[in-house]
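Shared chain: chain A. Partners: chain B in the first complex, chain C in the second.
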Partner chain A sequence: MTAIAPYRCAARRANDGFGRLLHAEWTKFRTVRGWVVAILLAPLLIVAVAFLQRSECGIGNPLPNGTTFNSACPASPIGPGGEAVTDSFYFAHQAVSGNGSITARITSLTGVYPAHGGHMAAAANPLAGYQPGVQPWAKAGIMISASTAQGSAYAAMLVTGTHGTRMQWDYTGDAAGRPGAASATAPRWLRITRSGDTVLGYDSPDGTHWTLVKTVSVPGLPATAQVGLFTTSPSYQVIKTSFGGSSGTGGQTLATGRFDNVRVAWAGAGTTWTGTSVGAQGTGPAGVRSGPPGPDPFKGKFTQAAGAYTVSGAGDIAPDVPEAADGNGMSAQNALIGTVVGLIAVIIVAALFMTAEYRRGLVRLTFAASPRRGRVLAAKAVVIGLVTFVAGLAGAVIALPLGIRQLRDGGNYVLPMSALTEARMLAGVAAVLAVAAVLALALGTLARRGVTAVTVVIVVIFLPFLLGTLQGLLPLGAQEWLLRLTPAAAFAVIQVVPAYHQVLAPYSAANGYFPLSWWAGFGVLCLWAAGALTAAAYLLRRRDV
Partner chain B sequence: MSAVGGVTAPGAAAPGAAAPRLAALHAEWTKLRTLPGTFALLVAVAALTIAVSAATAAAYDCRAGAGCLAAATGADPAKISLTGLDVGQVLVAVLAVLAVGGEYGTGMIRVTFTAMPRRLFVLTSKAAVVTGLTLASSLVAVLGSVLAGRLLLPARGLSAANGYTLLSLADGADLRATLGSVLYLTLIALLALGVTAAVRDSGVAIGIVLGLLFLFPILAAFVPGRTLARHLEQASPLIAGQYIEATTGLRSLPLTPWQGLGVLALWAAGALLIGGLVLRLRDA
Partner chain C sequence: MEATIEVTGLRKRFGPQQALDGLTFSVLPGQVTGFVGPNGAGKSTTMRVILGLDAADEGTALIGGRPYASLRAPLTHVGALLDAGALQPSRSARNHLLWLAHSQGLPAKRADEAIEQAGLDAVARRKAGGYSLGMRQRLGIAAALLGDPPILMMDEPFNGMDPEGIVWMRGFLRALAAQGRAVLVSSHLMSELEDTASHLVVIGRGRVVADASVAEMIARASGDRVQIRTAAAADAMTALANAGATVAATAPDQLTIQGLSTERAIAALNGSAVPFSEVSAHRASLEAAYMELTRDDVEFRAVTPS
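The block that comes next holds the complex of A and B.
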């Protein structure tokens, strides 16, 4: 008897490596014409929607005085951080050099606002139809500012209408101090101390016991800066948060702050104050004076008598956010909204990428050739993820500049953004599409059947975005929760301007504000994908093909 | 007929041969009736539609104050009560897609066309059976939704005290919204049927149908130009079709309710036409 050598496969070991598997899945993908067409369609759809972003800013807006406003929307000043800002207020100031401090006591902050929204009524009395009432974020206080030009670096201690004492700096910074409003019986003492680039803000109820609110760094302050008293009052905005979504209406407002016990402890400080109306108050539709000619109370004024100062002003010192009453910019994120459209094509292909194996029985061959089923799933995920990432990136890279150009061609002012934000948006769009494709693949694996898989991926990935962003479909609270919990949260990657609590605006997804930050939203999508992929891998192993 | 064959003697009329239309109808009814998912889907259409409608009505909350008056909110009790249609239509579309696409998935379609070579008969029979089933299911879904709205909404602030007219089938506009919504769901089924006949694959077909339904609202909402957005709304099978639900603010709609439903009917007719042509001209 001769020993028979057992059979050994002659194929090289490397042939069952993951690279081979990837190659196999890539071949399966690229040889189905419909899938390739659909994946190529995704970037085309993204670009096509960017192309539709053409809209004329301001044209056709009738003004109360009978004319029509039809010039381009003006640009906003740029703050020290590079962001667009609103910067209009009345400033009674003097120039000081080096380090020092300014102290003041505020005894009241009052205001008027239009009773039914709208603009000034008659030339004789511009404030006819106004009623007393201070805006929640009306501000009066002391400030150190680089200059009186709009967009200057600054730090300020201030009293607000209903949000207590605050320290604010460089437009986006905001820290809370003592709560409560200022009044004659409960005045507020404020102090700012400069030490180089560092500014310290203090508040006090009595002028003797001081509390440090915040120490901030304001690198934009020159050696000689302007210090003084200021007042401003943002436009009145009624944000209707009814079932139908949110919308804002309103008009200009005016606030008046009363100061005394003003002490400027600075080398070279005098007793003469210069009054400057910073910026063009009364934005109306985009900076155009909508009222009749005559004295304009919204320019603000400043009076001084026996150590008491009265400063009144209108406007806001805050970041320019889309849809805010005093904002006039549009966010570039509108250019990438086509991602949602491209997403449909992507998730359908990704789901079919798995279900087609089951439909044709190919899955038996696939698993016979590669018995480790989890690796097949991983290979498919890598292939569909990479293909989608590349397609999505290509679409986004073309769509963003195109959409911005379309907006600008219509006269819109597009809010500036940093290169980092831009890169995050582009990579974010590609990554969202890729991870959504992986999620769709996993759901397709769970469903095994094309029609179920496609329905499930559209209901799970796409429908929440629709329900969460379109006005009037659901109550606002429900919409926010949808955009926190479902994969649609990931669309926050295209959001440019965050919501600022110190600026009143209709913050809703319909207006481009997502409830989660971009990284948290993307994380939610990744969690969904990871969960579905784990379940799919487990079921693949457990069940028969 | 013996149990052995089922072979009919030549010359003798095969069952239903005198009325091939009826035979086709009966065959389609049998096929759809014996699919395991059909009745689950029909029940789900009604149950989910009513559940989502009721949840939306219960989520409405604006009970007192000037801001809650009918003139201030512009809320439409009928439209709120029929919110569940947004979900119901997905299931209706799935049902219709499966009625055609299921046969392509299993290869049954070749048997069907061998037995009934007049393919348009097959398509019209399928359409008739799906229409009948969808009508029945949507009638339950819509009536249940309206009833839920009638019971829930007055307590949530859409009351006569706030100036709203309560939902009532005796009211002309409410009756139109109710019956129109049943037709809406049925037309969605026909649209899905036509698309599936044209593309022959269930997965692709449901993708196209849902894309067609949901893309227009997204585009109309995020296109900044008002004129373009209005045209998109007018052309959208979902938005224009759901004008039939509106009972207030009809003047601000770009189309009348029946015109809106007509837009959806045109989409459905177009899809059926293309599906029929493709079915006739192409190999199975």
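The block that comes next holds the complex of A and C.
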């Protein structure tokens, strides 16, 4: 027998990099048609749900011939920050120039509300059926405002029904001052000082000892601004929630503030006040009332006698919050709600991307070809994550404008959003789907069996969203905890309007409000994915395959 | 790197079952090494341990002196066919080989070359799910050859092959060894390896029962037994026993003796004037040798009805 030289491999070898693992996993993915189709299904589903947005909004106006003409819900005024706002109040004001300050003492804030709800104004007595009672966020105080047009820049020191003294500015700003209500025995002194774009708010129990509540910047104030006294009172709303729906009762309310010791220390200040019903509530956005003839108490009024001032008004000076009693707009996030449907397709494909290899023992070939198993998992995660991100982004980019158009066609007023918010929503949808896919891949690796894996990913990722957002399915507290702790927290990325503590509204996930901010919610999902990937990588290294 | 597999003292336990029990053997280049043993003897487990898929409780398995897990582009060192069914059914043969090639940093043309070598050209772009077992075996072989490795390892490659395929496979394995590669082929049937393997590692219950060349193994199984055909069996037994042989009557006119060569047996019979019609050295078949070696190691034995 002749000695045979050991065989030398002649095949060319490329460098040993992560790139070739990515190339291999990408080739694996794209060569199974079912997976490609299912991933393309995700954006289609997102778009389809956006197209099916059928929510309608309209105001029925009775016509002389007995029929009703439905007009679309009106738009809200836009505040200085670009957000839609509610801006209705009664303002007794005068124009002042340059720097100065206004001081006033407020001795009471009272109100009336429709105790039995569903109040429809009677022509003779619009306040029939109303009971005394001040709304928690009824406001009376002093204000400096750019103008009396809705949506003007402003800063105000005010007393509320039950939330003490506050400083508020430009609709979304709110800072707490002295607690407690104003009364004849415990009056509240308020002061605003302007210095250029800077406004300082003070309060005092006695008019001598002043406390600075907050210094704020109000860049929208012109050289000549309006200062004065104002009162407003948000609509009242009681929501009863049960499975599958909610019913609300409520109606407009009216508040009255009493002031004295009013002092305007400003160049050009006089003693003549002009009363303006800003955003006149009688025909305002709440709109369910057809303007009655004669004096409308909800338009507010102002009386002045011997240094004492009485200002009554209705409405709110606050951001436009969907689902709030005075809320008027519809959030564009409804256009992206199909993300959760697309999610189902994505997480199933991602889980199968791993379990299919286990089912037929292909995983042995994979790990024989690439013995560093953690890197294989990482390559799979990158491939499924990137593919899903691109698919999700495509779906969201089409679904958002389409869904907004559908909502507008239904007569809805869609709240404006900044380009940054829009970009965050679109990238957020893509990123949530991508990270959820990585989580599903890791869970698939842990479970190994396809059926088990699909069950697990549905239970861990999809089910908490369902349980957390379906109205009345679980107690509100339980729903909030689900959306804090489970991967479903990440759906906060599509939320447009945050929950404002100074506006009462049914803040629940069913109404589009998530308990965590978008970045915290996305962080929760990322933590889940990182934890599952770590566990999967650990088990992959330890287990025989 | 030298084209060898060295397995030393492998032990592995699955629950109560000791799958590998101190397994030691080497696979050398330039020859086909048959890896035989009954079902459940530990052949597949050994191969998985060599490929780093299963972790041994004790012992080492080295590829050219290095553990498999330390190899970069391992398919260019070792090509393995473990399970022909390990496929994604909706992926074509070419795409199956393509991802494998990418994972090793090999160019796509290697996939086409391997398809040609395995004789799969006609079906390469069809979904692998529709392949017969024989075609899947060929695809598994193409995958093993993809990296043009100096070491090849195949688990039961003859399974599901038609007679023509078996003939092709034997020639193919011999040709690979003739190129200087180390080829390890497992089978539970010795007959499949009869004309293919030149070296055999026989295992039973996780232990090496025999590790020798085919020629040695046949000689050892045959022992120094001699068969004698004679009408005078009783006389012959006496004569042979006196000459120092251990004699057994295996048929009315047939004796098998041990301890005497053919020549000395003839001399003893002639010396005592015992007539005989035939004296021949006993030659065991490889199959018989194998049955002999593994008799005690068969895990699942059918009870023969009486």
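Convention: the second predicted complex is superposed on the first by the 498 of 545 C-alpha atoms of A that agree within 3 Å, B and C clash if a C-alpha of one lies under 4 Å from a C-alpha of the other, contacts with A are read in each partner's own complex, and residues count from 1 in each chain.
Keep in mind that, in the parts below, a residue touches a chain if its C-beta (ideal position, glycine included) is under 8 Å from a C-beta of that chain, and two chains touch if they have at least 3 such contacts.
Only a predicted model underlies this, so the values are computations on that prediction, with no experimental measurement involved.
Within the superposed three-chain model, A:28 lies in touch with chain C and out of touch with chain B [touch as defined at top].
After overlaying the two complexes on the shared chain, residue contacts for A:450 are found with chain B alone; chain C is out of touch. Contacts of A:52 after superposition on the shared chain: chain B is touched, whereas chain C is not.
With both structures placed on the common chain, the touch criterion links A:462 to chain B but leaves chain C unconnected.
With both structures placed on the common chain, the touch criterion links A:545 to chain C but leaves chain B unconnected. Shared-chain residue A:369: touches chain C; no touch with chain B.
Contact with chain B, but none with chain C, is seen for A:334 once the two complexes are overlaid on the shared chain. Chain A residues 34, 356 lie at the interface with chain B in one structure and with chain C in the other. Every residue of chain B that touches chain A in the complex is listed here, in rising order: 56, 59-62, 67, 72-75, 80, 83, 86, 90, 94, 97-98, 101, 105, 201-207, 210-211, 214-215, 217-219, 221-226, 228. Every residue of chain C that touches chain A in the complex is listed here, in rising order: 2-3, 29-30, 48, 51-55, 68-69, 71-77, 80, 82-83, 85-92, 95-96, 98-100, 102-107, 110, 143, 147-150, 178-182. Contact residues of chain A toward chain B in the complex are 34, 49, 52-56, 240, 242-244, 330, 334, 337, 340-341, 344-345, 348, 351-352, 355-356, 359, 407, 410, 449-451, 453-455, 458-459, 462-463, 465-467, 469-471, 473-475, 478, 510. Residue ranges of chain A in contact with chain C, taken from their complex: 3-17, 20-21, 23-25, 27-28, 31-34, 356-357, 360-362, 364-372, 544-545.
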